[in-house]
Amino acid sequence: MPLPLEEAIRGLVHDGDTVALEGFTHLIPVAAGHEIIRQGLRELTLVRMTPDIVYDQLIGAGCARKLVFSWGGNPGVGSLHRFRDAVTHSWPVPLEIEEHSHAGMANRYVAGASGLPFAILRGYSGTDLVEHNPHIKAIACPFTGQELAAVPALNPDVTIIHAQRADTVGNVQLWGITGIQKEAALAAERVLVTVEEVVDHLDPVPGQVILPSRVVDAVSVVPGGAAPSYAHGYYERDNTAYKAWDAIGRDREAFTSWLAELTHTPAPEPAGRGA
Amino acid sequence: MSTATWTSDEIMTVTASRSLRDGMACFVGIGLPSTAANVASRTHAPDLWMIYESGTMGASPDHLPLSIGDGVLADTADAVISVPEVFNYWLQAGRIDVGFLGAAQIDRYANINTTVIGDYDDPKVRLPGAGGAPEIAASCREVVVIMRHSRRAFVDRVDFITSVGHGSGPGERERLGLRGDGPVRVITDLGVLEPHPLTRELTLVGLHPGVQVDHVRAATGWDLCVADELSRTPEPTDTELSVLRSLTGAD
Amino acid sequence: MPLPLEEAIRGLVHDGDTVALEGFTHLIPVAAGHEIIRQGLRELTLVRMTPDIVYDQLIGAGCARKLVFSWGGNPGVGSLHRFRDAVTHSWPVPLEIEEHSHAGMANRYVAGASGLPFAILRGYSGTDLVEHNPHIKAIACPFTGQELAAVPALNPDVTIIHAQRADTVGNVQLWGITGIQKEAALAAERVLVTVEEVVDHLDPVPGQVILPSRVVDAVSVVPGGAAPSYAHGYYERDNTAYKAWDAIGRDREAFTSWLAELTHTPAPEPAGRGA
Amino acid sequence: MSTATWTSDEIMTVTASRSLRDGMACFVGIGLPSTAANVASRTHAPDLWMIYESGTMGASPDHLPLSIGDGVLADTADAVISVPEVFNYWLQAGRIDVGFLGAAQIDRYANINTTVIGDYDDPKVRLPGAGGAPEIAASCREVVVIMRHSRRAFVDRVDFITSVGHGSGPGERERLGLRGDGPVRVITDLGVLEPHPLTRELTLVGLHPGVQVDHVRAATGWDLCVADELSRTPEPTDTELSVLRSLTGAD
């Protein structure tokens, strides 16, 4: 049974949690991020390979204590000004950061999904990331002696993703660019999926990722829940919104107005076309 | 002779596209690298094989993707794979011929900073961070850097080594266990730099049309070495320019 | 351009090579195995998670010096008698064995495909496999101190798989149960793929694995090349053949007759329906 | 009262199927485990979720698969994943409730041998080997073993520990870092054994209809402990038998 988004966030996300909202430019769970802002959650450790505008908004709204990431920007547009303001001026609250490379983050999720405490990769060697991140260590191959990097598993308290469809028993189907979502979901203690629609039967689609219902704690029907990013087969990226964010995010006052508008706006209708 | 006029960004992008050989596997980042790769695949390198970190392999987009995860990449790809597969099975395994990188700062030894200007814990400017760059710089057979030339960007030592170029000089990449050759070329809006074969120090080897050595020296934050024989970048052809402009919407 | 199988084996497989023929009950490259027998290759290190009748045949024919594996049997039928005879009576030649669990073998291929020298897993702990296999070592997590198993990467000289289709430029497409084939191919120095047919364009299929042509050294068109295993969408498993093998493999004389017949049979026609 | 007659293999398989609870995630091996799981899913456990090591998850085969990679599993599965994913993302991650294992030998502490009878380097009988069993035994929340009872199979110490049961007794699994509970039940053609809560030694807790304790003792290669209260396995129902026989082709 799909849960209204408001109820799903209330049940699954708590102050102080480590929360990953994943989606690699595609299927970004923006509506869920906005609901986290509306519910005023605080002290979150936010995790995401590519924090973009919804993370800028969460940070600007003061939800986050810490950000774990590998690339933070407004893709194709420029910088994240709320993120910069938090890092350089602690506004509205200080933001601790822990940064990795994409390869490091991807492998941290893989280890988390695999029930392993760490992952190994050829990475970080010679970079200054090592000295600023205690979560990157050297490890020697027990067979060849080669030195590699080790990173700890990433196991969020909650992972939130957006998908095209779920069926009535809660199996989830996504396709197109599916990025790191499977691993981020399997690594988490709890999983919330917002979907475009619920259907009786998930017809197989080339390139699909299926998350069986037994690893999904809640499905919420939120049509358009990935906008202004896109949902392959449903709607396109709203590039104007990405560009428009630059001006809003750049200015504390403009952002504060945006935030006031968001938090006074009621949550989207929980039941979509498929519900 | 071309009668076209063109901007300094255009000559930079066209020059970058020329450094891609047909059939290469190219790891493409968004922005200038993606534009240059798409110019190459529409001109001299129709079999350029582009892999984007979002997981699309062998895409032939009919327009310039807006992001590294644009739907047009998935629609036209030979295959779409997961992000861990991109980094582990393709990049780390050493299957990529060339990686294109941009940078906020680059130094004498082509080390790259995309993390922070100033002190890490109290930065002047917080930049986007590493993304895929450290492992692209480590594992691609070669790396081409594209960035605009200025004293702020071309510095003696980067504030933060996000991605290793040639470290502190000869032998450093080997000592660090980095398997690719590292940056083999830096293409700017003024000319082309390459690491000196012995010292690994970035050396001016080519000038774009109309640019003088003094311009480049003035825009470089260290005492720049200049090759004995400087090449002069051929003007962009009409085809290159029209392809480029059809992609960027400048036509 | 597809190569005749005879030519592909001759060009890619040499005496003394480490060769993996993979396919998890589905798409087993049987015809390629038979061509290896016909060409009289020797001293091979044969690698396969689940050696079954084609490996029994290769071993009985004296092609192998060593077998690296995790489960050797005639699936659903019983034992591999040529394998047993080689291990217990060195007939026709001694067979060295190196054995793992499935999880260990799968992760060895993953490491090989990833350009890593080793893989880590929770496995082998407390089993007698450890003392009989120097390729299983303990490794401690540098963050938690937990002890895990390490296994070295597996990088065959040649991996051979069978797939449903290739296109004219050599991209390969397989679907249904795809097992460990992607990793086994990406881990190898050289890759040979036998296919049911070559088509102009690979229409996407749900659950497909694509191997881009740049990681494939040769494609040979061998319709029926996986029989008596099956090719999803093309033909079914010939269970009678699996059962019939039990009697042939059980007896050295019956096997010798079988072998004589195989090696006097000309290779299958190289060009199939799609060529 | 059932008037059916049945074989000792049938009561073994039916008893095993009863130990699967509806909704469980079950890691299924081919042979008796697969038959038992498919009986369960057609009788009391319609939502049993079967995962085969070939990569099929949630399959509902309409006939008994011939191998763990039978096409009918892929056709009817919720999803088909790669072999590394099965072992890493599902088994190793601790997502499987119950693993069904067979064995050539099992010992007093439910350690399992499927590798070799006799000396490893000079074996009397070479068996198929480990397959998925060591990690199934390590990582599933619980393990159920199905095998025919005989002195050759039920031995004091196995010749080779392929998969760890309860090691050498209490606390051993914890010391080895094994996260599942290990074998909780051994179902044979004579009865049911369970590890004693304190000693972890396999103890006879149930007898199939018509079997006496002495039969079981005679078929066990160590001095078998017997529970104070022995259960008597209920006869197979007509439904269980007809489902089982429709699967095995014995009808």
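By written order: A, B, C and D. Residues from 1 in each chain.
The criterion applied here is as follows: a contact is a pair of C-beta atoms (placed from the backbone, for glycine too) under 8 Å apart; a residue touches a chain by one contact, two chains touch by 3 or more.
On a predicted model such as this, the values are computed, not experimentally measured, just so you know.
Comparing the chain pairs B-C and C-D, the larger number of C-beta pairs in contact belongs to C-D.
Note: centroid distance chain A to chain D, computed from Cα atoms, is 41 Å. One simple way to say how far apart two chains are is to compare their mean CA positions; for chain A and chain B this gives 28 Å.
Each of residues 88, 92, 139 in chain B touches at least two other chains. Taken residue by residue, chain A touches two or more other chains at 115-116, 121-122, 146, 182-183, 207, whereas all remaining positions touch fewer.
Interfaces, counted as pairs of touching chains, are A-B, A-C, A-D, B-C, C-D.
The part of chain D that touches chain C in the complex is made up of residues 30-31, 53-56, 66-71, 73-74, 80, 82-84, 87-88, 91-92, 115, 120, 122-135, 138-139, 160-164, 167, 172, 176-179.
Put simply, chain C touches chain D in their complex at residues 24-26, 49-50, 69-73, 75-76, 79-80, 83-84, 87-88, 99-103, 106-107, 109-110, 121-129, 132, 146-147, 176-180, 182-183, 207, 230, 232, 236-237, 239.
Chain contact summary for the complex, chain C toward chain B: residues 113-116, 171, 182-183, 186, 210, 212, 214-215. Listed in rising order, the residues of chain A touching chain C in the complex are 115-118, 120-122, 135, 137-139, 141-144, 146, 148, 150, 152, 204-208. Listed in rising order, the residues of chain B touching chain C in the complex are 25, 49, 57-58, 78-79, 88-89, 92-95, 139.
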